[in-house]
Amino acid sequence: MQRIAALALAAAAGAPCALAQDAKTEIEKYQQMIADSSPVELFELQGETLWSKRQGPKDASLEQCDLGLGAGVLKGAYAQLPRYFRDEATKRVFGNEDRPSEMEYLSAYIAAQSRGAPMAPGTAHPKEAAAYELGRKLFFYRAGPWDFSCASCHGEPGKRIRMQELPVLSSRAGAGPVVATWPAYRVSNSQFKTMQWRINDCYRQMRMPEPTYASDLTIALATYLTVTGKGDPYRGPGTKR
Amino acid sequence: MNPARRIALKIAAVLAAGLAAPLSALAAWNKEAFQSKTAANALKELGVAASTESKDILIEAPQIAENGAVVPIEVTSNLPGTRSIALVIDKNPFPLTARFEFSESAVPYVKVNVKLGESSFVRAVAEAGGRHYSAAREVKVTIGGCGG
Amino acid sequence: MRMTTALRVCAAATALAACADTPVAERHFSSESELREVQAVLKRDIHARGSATLARLEPDALQQACNLNGNAPTEALAKPLEAEQMATIRYPAGSLTGDWKRGEKIAQSGRGLQWNDGPKDVAGGSCYNCHELAPQEPSFGTLGPSLRGFGKVRGNTPEMQRYAYGRIYNSKAFNLCSQMPRLGQSGTLSEQQIKDLVAYLLDPESPVNR
Amino acid sequence: MAEPMKIRATLKGDLAEVRVLMVHPMETGQRKDAEGRLVPAHFIQEVSVRLNGRSVLEGQISQAVSRNPVFSFRLKGVKAGDKLEIAWLDSKGERSQAEAAIA
């Protein structure tokens, strides 16, 4: 019985695979082309303007903010996130599909200052270890009307949705290039988006209700993904389909 | 992007607000051509009665686009004396997408990101020496991601 | 029954890797209390949006069993739960097959149940997200097995229509921890839509079989 | 916040490759917002490029140009320090312009 199945397979395997291979090459070419002609730099520029703009009741800019490497040190700071901060000042709401915020532009500028720096998120603090552990559980937890977990789509190598290849996000090889290229210009809606937004969009596609921005849940998932994929040099902000 | 290149090429961006308008003499937008619903009508409105297929017009475009919202198209005309290039997307609701006029030091070349509502032929029509020449390429738009 | 079905599906597939029913037996939760911990985080950090209500996060016995057992529960645990899922399938009184042309549109559409889907948006089956079907559609996913020539291999028999209807309505009745959504049981697709998909899979005129 | 335009020019010999990034929604008039209402058309219609004050390229474009347009042009016979001015005009009569020196 097994052998019959295997024979049938061999007979059917010819032409469609060749077609799929061509399509794959063409799609890679398309992805290269959109990266080459991406307006992503504009968002870095807008973020840079915001970073140095004096505003608010204190007429202050963000230029002396401490992102973990000391006041005003931006170079390489993004590559060391997520990490545990004692204050809660970072719990700000990001934009969404209908209402983009300035936070995305800031993230573009800040992330760009880590180009070339290896991704090295925090792992030493107990809160960081706990966030990783929670993120790992959330990744594999099946729920919702379609019984999906993150691993339903991102759990096995060589799979795709439509023509979109699916990285195995529980592996170093799968998560590395992903965490090293967000935030990114997203071609489908022509907006600049954070990885947090992307994680939320997976919840939408899993038919679940919406994770709250900057909640422990989204931070835990981002921590799990970034720690899993750590080590790749940061090469964003990227351009994504 | 290459950081070294970025630094070397870093150029001040100037904001629009409050500037004098030395470039106010922009040409009038060809409403009739741009609002034509077929490629043939749009070209007629541009004064293109007929065009000859030419291998001297090169169109660089993806064969398969994962997303119709951004499809990079690059057109080069190697025809001597090329004055203009028009870009037409047959299946779009308004097929005429762009028309560029080149003079003096501008090389008859342009690259632009366009939207494709569905799979379509993308056509470039160049004007050189008072005649029109054209080339076309097909771009297939697939449904990417979760398709919803 | 499950065994033969899996083999048949493999025979129609274009690549070995397309057999998605193989369970990955890696356990990520060691106890129900660990599951409760995750459930509490979900309830606290997720909010309702559009049609996506918090009620959707309530786990059922099936999800608990699959989460606790790395998607590979023992036969003894799986059998009664599969029977429970089988009981949810409501077969229509008359014909089990519909219009393959409508079925094709349903197979193509990835809409439905998302928080940005309006009440007037018609849901699709998202079939092409995971399965190859008609050879004319090159943009297909590979999370599930190829279903190209599905009806050609099996024949458009009443038994096969009943199997296809049931499998679309509630895949978990056939394989408890299948990754395929329970498209009828979850209220994603209507009876008529599932019948149209059955036609798309089995009708000899459907492009899937031509 | 006024939206910036970004111009980048790479000089190879006397040939400059000019890349312009613009922030613009390029609304087609056919897209619906979250409430299901049609978003009115709003798109750049004209693009003009000048080199040292002289027009070298005039473009007319439609709503089918992607959101946040990116254009590349090539200019020959140019040298470092030449002045580049780029402007656009949209369907609501709004304008933007930027200038840069070729480096």
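Every chain is named by a letter (A, B, C and D) in the order it is written, and numbering of its residues begins at 1.
In this section, a residue touches a chain if its C-beta (ideal position, glycine included) is under 8 Å from a C-beta of that chain, and two chains touch if they have at least 3 such contacts.
Just so it is clear, the model here is predicted, and its values are computed rather than measured.
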item: Central chain of the complex, centres being mean CA coordinates; value: A
item: Of B-D and B-C, whichever chain pair has more C-beta contact pairs; value: B-D
item: Separation of mean Cα positions, chain D and chain B [Å, integer]; value: 13
item: Centroid distance [mean C-alpha coordinates] between chain D and chain C, Å; value: 48
item: Distance from the mean Cα position of chain C to that of chain B, given in whole angstrom; value: 44
item: Computed distance of Cα centres, chain B from chain A, in Å; value: 33
item: Contacts with 2+ other chains: residues of chain D; value: 3-4, 6, 34, 66-67, 69-70, 72
item: Junction residues of chain B, two or more chains touched; value: 13, 69-70, 111, 113, 142-144, 146-148
item: Chain A: positions in contact with at least two other chains; value: 23, 37, 41, 45, 97, 161-164, 190, 205
item: Touching residues on chain C, where the partner in the complex is chain A; value: 7, 10-17, 24, 28-29, 34-35, 37-38, 41-42, 44-49, 52-54, 56-57, 59, 62-63, 66-67, 71, 112-116, 128-130, 132, 135, 138-143, 148, 172, 179, 181-182, 186-188
item: List of chain A residues in touch with chain C within their complex; value: 1-2, 4-5, 8-9, 12-13, 16-17, 19-20, 23, 97, 134, 136-138, 140-148, 152-153, 155-156, 158-164, 166, 203-205, 207-212, 215-218, 220
item: Touching residues on chain D, where the partner in the complex is chain B; value: 2-10, 15, 28, 30, 45-46, 48-51, 53-67, 69-78, 85, 87, 89, 95-101, 103
item: Residues of chain B touching chain C in the complex; value: 142-144, 146-148
item: Residues of chain C touching chain B in the complex; value: 108-112, 114, 117, 124, 126, 128-129, 138-139
